[in-house]
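Got some structures for you, see below.
Paired with chain B in one complex and with chain C in the other, chain A is shared by the two complexes that follow.
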Partner chain A sequence: MTTMTAFDTARFGTIQFGPEDIVTFEEGLIGLSDLKAFVLIQHKEDSPFRWLQSLDEGNIAFLVVDPAAYTSNYNPEMPESATTALNLSEETPILVYTVCTIPNGNPRGMTLNLAGPVVINAESRRARQVVLEDESCPVRFAVFDDQKSQVA
Partner chain B sequence: MRVSTQQQFDFYMSQIEAAHSRYLDAQRQVITGKKFELASEDPGHAHFVISANTIKARTEQLDRNLRGAKDYLSNTEASFDEMNSMVSHAYTLAVNGANSTNDQAARDAMASEISETQRRLVFLANTTGASGQYVFAGQKSDVKPFVETPPTLTFNGDDNPINVEVRPNETMRVNLQGAGTMISTVYATLETLKNDLLSGDVSKISTQDIKAVQDQLAQINAVQGDTGTKLQTVTALSDQNLKRIDDLTKQVSDAQDVDLTQAVINMQSAQTAYQAALQVTSRGQSLSLMDFLR
Partner chain C sequence: MLVLTRKVNQSIVIGEGIEVVVLEVRGEQVRLGIKAPRDVAVHRKEIFEQIQSENEAASGTKPEDVPE
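And then the complex of A and B:
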């Protein structure tokens, strides 16, 4: 029987999770190296959005989304350091999420960070936030066409 | 049971004092807008308010830190966005310069453009933040870090980190690591390209310079990705902190602040009760010996 652990979060109240739900970032997130354990929480049923909720700091959660929901040809080449660290091979099931930024009061201004995707080895639940050197992957990819010209 | 005059007096006085105290308390709540002033008046709520205010002050401090981090990161990002455009243009010039169909006059013009790019690069390398600090100078942030004496660029800063506490007990480096070396290398790469354009060394441009410029572009892209991702994280943390500060402010207000309408009603009731206690006492105390002789 799986042992469930309770954890208090600012956004979701008390959540319950099992060991198999934990996604481990051994190096933390970029800029937040102490945050290593997270769970993915579905935003709403059938939504492509997830919350990457920290298990080290209940107040911190990042909104992420499967980039395939908004971009048709996002298939970046992973740096070798990432494939080695996550032990990825051709057969490894991988989850890729991009962190979203939604400006206050302007949901149509939503951008995705295509330059710093979160890559998860779905088998081992080990993950890494990877910085791509690919010029075609911007830090602020405007999701909605009418906002593209307003994003630097 | 016989009630003595002294007992009666004491009773009246205690009732007046209690009514007066309630009236003053109600008055104080209307005037200050607070349910209590001293922790002893409501220990349970007072403890919560003190804790919440402490957390709020800490969160506000973190938010100020995050604003400082944003200043560094956004200036770094903006500078590197422009450097990317400039070096991309230099790459285009290098490819054109490697084309042997171009004559030397065309290559000289390209070299002149590269010179302009170097001037602009030095300007960006000395970018300052909101407090006038040099963003790429490390901890020597009050010293202009890059001084150009063609054909060399001298770095006078250091590579020490500017660490900002972005959440309790965790710091983030917000200045670019290796900025001095990196920007100097971009400058030197452009210098080499310029000289090879001026000397018409097409072979060296095509075999070495184009690759060197490409490498610098890749480095710049990596800095943009890393800085932009950090900036996104800082922005998300800041948004979450602001929401937390709002929540704490509301919770403190709920625990500490009075409902003013209700407080005024309470004050009027307390006032009426106090006046009634005074009237009853004055009637009771107005009895004289004549009342008993009738």
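And then the complex of A and C:
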């Protein structure tokens, strides 16, 4: 039997999770090195969005999305530092999510951080926010066409 | 901040596993070589700061604003 732990969060009330649910970022997120333990919470049924809820700070959660939901050919090559740190081989199942930023009250202004994807080793549940130095992977990729034309 | 003076082909060592070598100095540009353990990510500070700043912005995203 798995022991469930209760944890109070700002967005989702009290959540229950087991040890197998924890995603561990040994180095934290970029610029947020204290945030090492997270759980993934499904946004809504059938939604491509997840919340990466911190287990270190109950009021911190990041919206992430399967990049395939909004991009057609985003398949970045993982830097060797990431494959080594996460012990990834060709066969290792991985989850790749991009962090979303939505300005308050403006869903059409959503941008995806394609330069800093979250990569999770789905077997060990160890994860890292990877830095891609690739000009085709912007930090603020505007998802919706009307926003793209404004940016351009 | 520790300040050291180095010449081309000289290096500094950080901890046990990281070495930074001055490869070339040309005008205002300096080329550095970095030897680090395979799991250590090395990046230009600008991209690191951009992602850090975007993480801060992303942490303000509210559930009610998520597209269907």
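By our rule, the second predicted complex is superposed on the first by the 150 of 152 C-alpha atoms of A that agree within 3 Å, B and C clash if a C-alpha of one lies under 4 Å from a C-alpha of the other, contacts with A are read in each partner's own complex, and residues count from 1 in each chain.
Everything that follows uses one rule, which is that a contact is a pair of C-beta atoms (placed from the backbone, for glycine too) under 8 Å apart; a residue touches a chain by one contact, two chains touch by 3 or more.
Bear in mind that the values here come from a model prediction, so they are computed numbers and not experimental data.
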Checklist entry - Just chain B (first), just chain C (second), both, or neither: which does A:A10 touch? => result first
Next on the checklist: If we overlay the two complexes on their shared chain A, which of chain B and chain C does A:D34 touch? Say first, second, both or neither.
Outcome noted: first
Item to check | Partner chain(s) touched by A:F62 [first = chain B, second = chain C, both, neither] | outcome: both
Checklist entry - Of the partners chain B and chain C, which touch A:V131 in the superposed model: first, second, both, neither? => result both
Next on the checklist: Contacts for A:V139 in the overlay, against chain B (first) and chain C (second): which applies, first, second, both or neither?
Outcome noted: both
Next on the checklist: Once chain A of both complexes is superposed, is A:S81 in touch with chain B (first), chain C (second), both, or neither?
Outcome noted: second
Checklist entry - Between chain B (first) and chain C (second), which, if any, makes contact with A:H43: first, second, both or neither? => result second
Next on the checklist: With both structures fitted on chain A, tell me whether chain B or chain C touches more of chain A's residues.
Outcome noted: C
Checklist entry - Which partner does A:M110 contact after superposing on A: first (chain B), second (chain C), both, neither? => result second
Item to check | Contact residues of chain A, present in both the chain B and the chain C interface | outcome: 29-32, 60-63, 99, 101, 104, 113, 115-116, 129, 131, 133, 139-140
Checklist entry - What residues of chain C sit close enough to touch chain A in their complex? => result 38-44, 47-63, 65-68
Checklist outcome for this item: Counting only contacts in the complex, chain B reaches chain A at residues 77, 81, 84, 166-167, 169-170, 172, 217-218, 221-222, 224-226, 228-237, 239-240, 243-244, 247
Checklist outcome for this item: Touching chain B in the complex, chain A uses residues 10, 29-35, 57, 59-63, 99, 101, 104, 113, 115-116, 129, 131-135, 137, 139-140, 152
Checklist entry - Once bound in the complex, which stretches of chain A touch chain C? => result 11, 29-32, 43-44, 47, 49, 51, 60-63, 79-82, 84-85, 99-107, 110, 113, 115-116, 129-131, 133, 139-140
